[in-house]
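First subunit A sits with subunit B, and in the next complex the same chain sits with subunit C.
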Partner chain A sequence: MIQKTVTVNSEHGLHARPAALIVKAATKFRSEFYIERDGVKVNGKSIMGVMMLAAENGAVLTLIAQGVDAEYLIEEVSSLIEGGFRL
Partner chain B sequence: MRELTVKQLFEDKRKDFALSLVTEPHTINKRIVTPYFNRPGLALAGWLEVFTPERIQIFGEAEVRYLQSLKEQPMLERLRELFKMDIPCVIISKGLSLPPSVEYLANDLNIPIFSSRLSTVQLISQINRYLMDVFALEKTIHATLVDVFGLGILITGKSGIGKSECALDLISRGHSLVGDDMINMRNLNDTIVGRSGREFGHFMEIRGVGVVNVEKMFGIERVRREKTIDLQIELMPWQENTEYERIGLKANYVDHLGVKLPMIYLPISPGKNVSVIVEVAAMNQILKGSGYDAAEDFNRKIHEEIRKQTLFKKVQATENDPKDGNSK
Partner chain C sequence: MMNVFKAKSINPGIYIGKARFLVSKAPIIQHDHVTEDEAVAEFEHLTSSIDVALVQVRQILTTLPDDGQEKEIFETQEMILADPDILLKLENLVLQELNTAPSAVKIAFDEVITHFEGMQNDFFASRAVDYKDVQQRLLDILLDVHSEPLAAFQPGEVLFCLEPSPTLISSMASKGIGAWVSQKGAYTSHAAILSRGLNIVAITSIAELAFKVKDGQQVIVDATQGELIVNPDAATLKHYEKLKKAMEASLLKDQARALEPAITSTGRRVRINVNIELPEEAAALKAMGAEGIGLFRTEFLYLDRSSLPDEEEQFQIYSSVAKDMAPFPVTIRTFDLGGDKLSHLIPFEPEENPFLGCRGLRFSLFRPDIFKIQIKAVMRAAVEGNLQLMFPMVNDVEDLLEAKELVAECSAELAEQGIKHKADIPIGVMIEIPSAALCADILASEADFFSIGTNDLTQYTLAVDRNSETLSYKYAQHHPSVLRLIQMVLKAARKAGITVGVCGEMASILQYVPLLVGLGLEDLSVQPAKIATIKSIVRKCDLHLEEMVQNGDLDHLNKVENLIYNKLKNYYQD
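Here is the complex of A and B:
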């Protein structure tokens, strides 16, 4: 299992579009993927789950992945979040 | 159909337009080439610059009274100029009539004149509807058309993907079938009206069973002759690496005969109840039409929540900052 802590870096937080981008990136991988915030853990491949986090700009999230390609998943998703969703 | 003869119009609509032929029968073999009509008031007064002779000419009370106000010779001169331009036909409304000399002139120049008992407004609206229908842009496509909660849904997708089976499921859930396999679409005043491409009833091929007659099997209330198409749903096999719409903030459209229709790409896989999803898509489309967009509403609520969190953080930061606390 791989964990990484990231800080949200986008002005309006994780609203629908950024959430969709995270899910889109994560579903490319086979590993299981969760995002945790203040004790709330959601499935990172579920768009409703990710949006329900209501993560604002500067919120600290823990990315948790488990599986064969967990490393790559974490790398891609964290660079997406920290890079402010500029692809 | 993109061509109409005056004869055919007379045969089709004699009753509906309350028509009678004033001139001799040999006059009615003219062609009508546009779906528009004209009121030739100004042309009769002598101004022929922007006159549109290819259109059906409707003489209302204004035209008839104006012609009656003229002396016989000038009146015939004006009409001769009009008739020489090879107009398809003249229809006089309100059961009004012109002097017999006009009739002779029209017979000579081979221009059909009809008299209609309808009022000018009624006649114009009827003719308009008829011509729009005859001259409508049309095409026939491979699809299934159903009426779900009053919404016309065109189901498309590759052969064998389950369009007919989906329609059958919808029919047994109380919705109705317009046509299966071949759908004829027409653009009527920028709405797309669909009907079955075959005129002989509501038959459907169900793989493994064969041909069934939906009307006989489910009753007359489960079939419709035609329906305005409001939404297209394309069924496609589920593919691992394809991105499907998740939230619905981005709308897809498809163009049919110059009209933009909302389009949903629906991935199907075993165990998915497609007809229930089609029902949900229909209801969501109805809500959108009435001004409520669930995707937007949801996104707005998330935005609000995020803003609250941000504010909360700021307040916390200020409280924990001793400098700021001293200054107050």
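Here is the complex of A and C:
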């Protein structure tokens, strides 16, 4: 299992578009993927789950992945979040 | 038995018809169960309905422009339909708990919707709508309902609903349904604005509506008084039929001359412009007799969305409105909100008193990067039609000069890139802060036109919050202090040779029109539905009126009220 703590770095937090980008990125990998915030843990491959975190700009999230490609998943998703979703 | 319920008016008027509720299919779903043997087939039925929904959404996506807000909405819906957690939830509800497919969709999505609606952050809470849309789409497919929401409606019926959507309002107009009544709804919602533009009679804020009215009952929607009358008795019905006929007759008479200019009997021409909030409103305005758009509010560009509008998007909108209205002028008022309304887009420290805070032009000068995008878009679109630029919340000439500096900067940057634009676009000031009115003579030397925003001018002059219910009796737009400021602005504008109009609500309130004309205003910007009526009031204005206003006692509130409600009554009443 791989964990990484990231801080949301986009003006309007994880609203629809960033949430969609996270889910799209995570879904490419085979590993299980969860995001935890303040004790609430959601499936990072579910747009409903990610949006339910209602994570504003500056929110601290723990990314958790388990599986063969967990390392790559975490790297891709964390750089997406930390980079402010600029592609 | 006749019943009368109080309501809030969204668009005044009277409408008589039979009630019909917009069937929200949700309540008719019976929470039936299936047997264990049927469950697998039921779940397959559900997954194939999800596939149908996905095909529908992808079909819609192919018709949408890239990068648009709509595209984002449907892409989110696509992902919701493919969401593994939602599928798991549905699977559990059908296979384990043996719910029917529609029942499972209802339970699963209701749970998510309730969760979103309970969120503290409004921006996230508003996302509940995505799940409502997907839920409705799935239920429509499962229950094989025709997706045309007004299929069951007959022309002349009154639509009852919880809260109407803008799409619904446009389809109402084409179906000949002239009124709606809702349980919830705000005066400033998009649905309300469109209703006023399309002249659909509307009232809102009646609690537990479904318990008060049944389909097929006769109702009178009195959106002038703010009442809903259910099962009217013969005498009431007769009274309203007469009232409605009289209103229609006088409107018809006014409309017959709507396209002609409004000239007083003393030969003064008063230009009747309109205020609009959405670009969709522009197309019909010329045919309604509008002689320009005196106030195009641009706040819609920034609200209910997740990213700031870019120059190209704004350019497209401004040029389409300019073309719709050409050759008449369109005044684009730059963004008029504070950072509080934009906190979902831009980090902003909450203010203790936003009405006295960083809003309007102040915000624009605080964030020139955002402001310049809008200015450039307007300057570019001004090549395609007759556009002018107007700044809200101008304190003094220093504000105006700073803004004009940015306009010059934008022009230089556009010129450098070889982009066509109107460098000498007319620049106007919205007079809505007492300081601007008091120094109007100084401002006039730097402005091409003035437009008086009476709502805020009244609020700031009297220090009365215009949304306060307790103080609403004190919020008088005809207060002597406000009238004096209007007179000062008029005088300053005349001396400088620039035009001055009123774009505040005051110009759309029929009782105030003779007073404003008598004061010497030459430009009124009004609600679209009022154009014809206001033009006919202007035509009645004569020398006697001008004398009454010019020589009348405007120093005391009660005397002003006597003037408006007694002496000038014949001018605005038939």
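Rule of thumb we're sticking to: the second predicted complex is superposed on the first by the 87 of 87 C-alpha atoms of A that agree within 3 Å, B and C clash if a C-alpha of one lies under 4 Å from a C-alpha of the other, contacts with A are read in each partner's own complex, and residues count from 1 in each chain.
The definition used in the following text is that contacts are C-beta pairs under 8 Å (C-beta built on N, C-alpha and C of every residue); 3 or more make two chains touch, one makes a residue touch a chain.
Bear in mind that the values here come from a model prediction, so they are computed numbers and not experimental data.
Undergrad: Contact-wise, after the overlay, does A:G67 reach subunit B, subunit C, both or neither (first, second, both, neither)?
TA: In the superposed model, A:G67 contacts neither subunit B nor subunit C.
Undergrad: Once chain A of both complexes is superposed, is A:R17 in touch with subunit B (first), subunit C (second), both, or neither?
TA: In the superposition, A:R17 contacts both subunit B and subunit C.
Undergrad: Name the contact category of A:A59: first (subunit B only), second (subunit C only), both, or neither.
TA: Touch status of A:A59: first partner only.
Undergrad: Check the residue A:K45 against both partner chains and state whether it touches subunit B (first), subunit C (second), both, or neither.
TA: second
Undergrad: Touching subunit B in one complex and subunit C in the other: list those residues of subunit A.
TA: After superposing on chain A, subunit A residues 12-13, 15-17, 20, 23-24, 47, 51, 54, 56-57 contact both subunit B and subunit C.
Undergrad: So in the complex, which bits of subunit C are touching subunit A?
TA: Going through subunit C, the ones touching subunit A are 72-73, 75-76, 79-80, 83-86, 112, 115-116, 119-121, 123-124, 127, 130-131, 306-307, 344-347.
Undergrad: Quick one: in the complex, what on subunit A touches subunit B?
TA: Going through subunit A, the ones touching subunit B are 12-17, 19-20, 23-24, 28, 47, 51, 54-59.
Undergrad: Please name which positions on subunit A make contact with subunit C in the complex.
TA: 11-13, 15-17, 20, 23-24, 42-43, 45-49, 51-52, 54, 56-57
Undergrad: Flag every residue of subunit B that touches subunit A in the complex, lowest number first.
TA: 241, 243, 246-247, 249, 295, 298-299, 302-303, 305-310, 313
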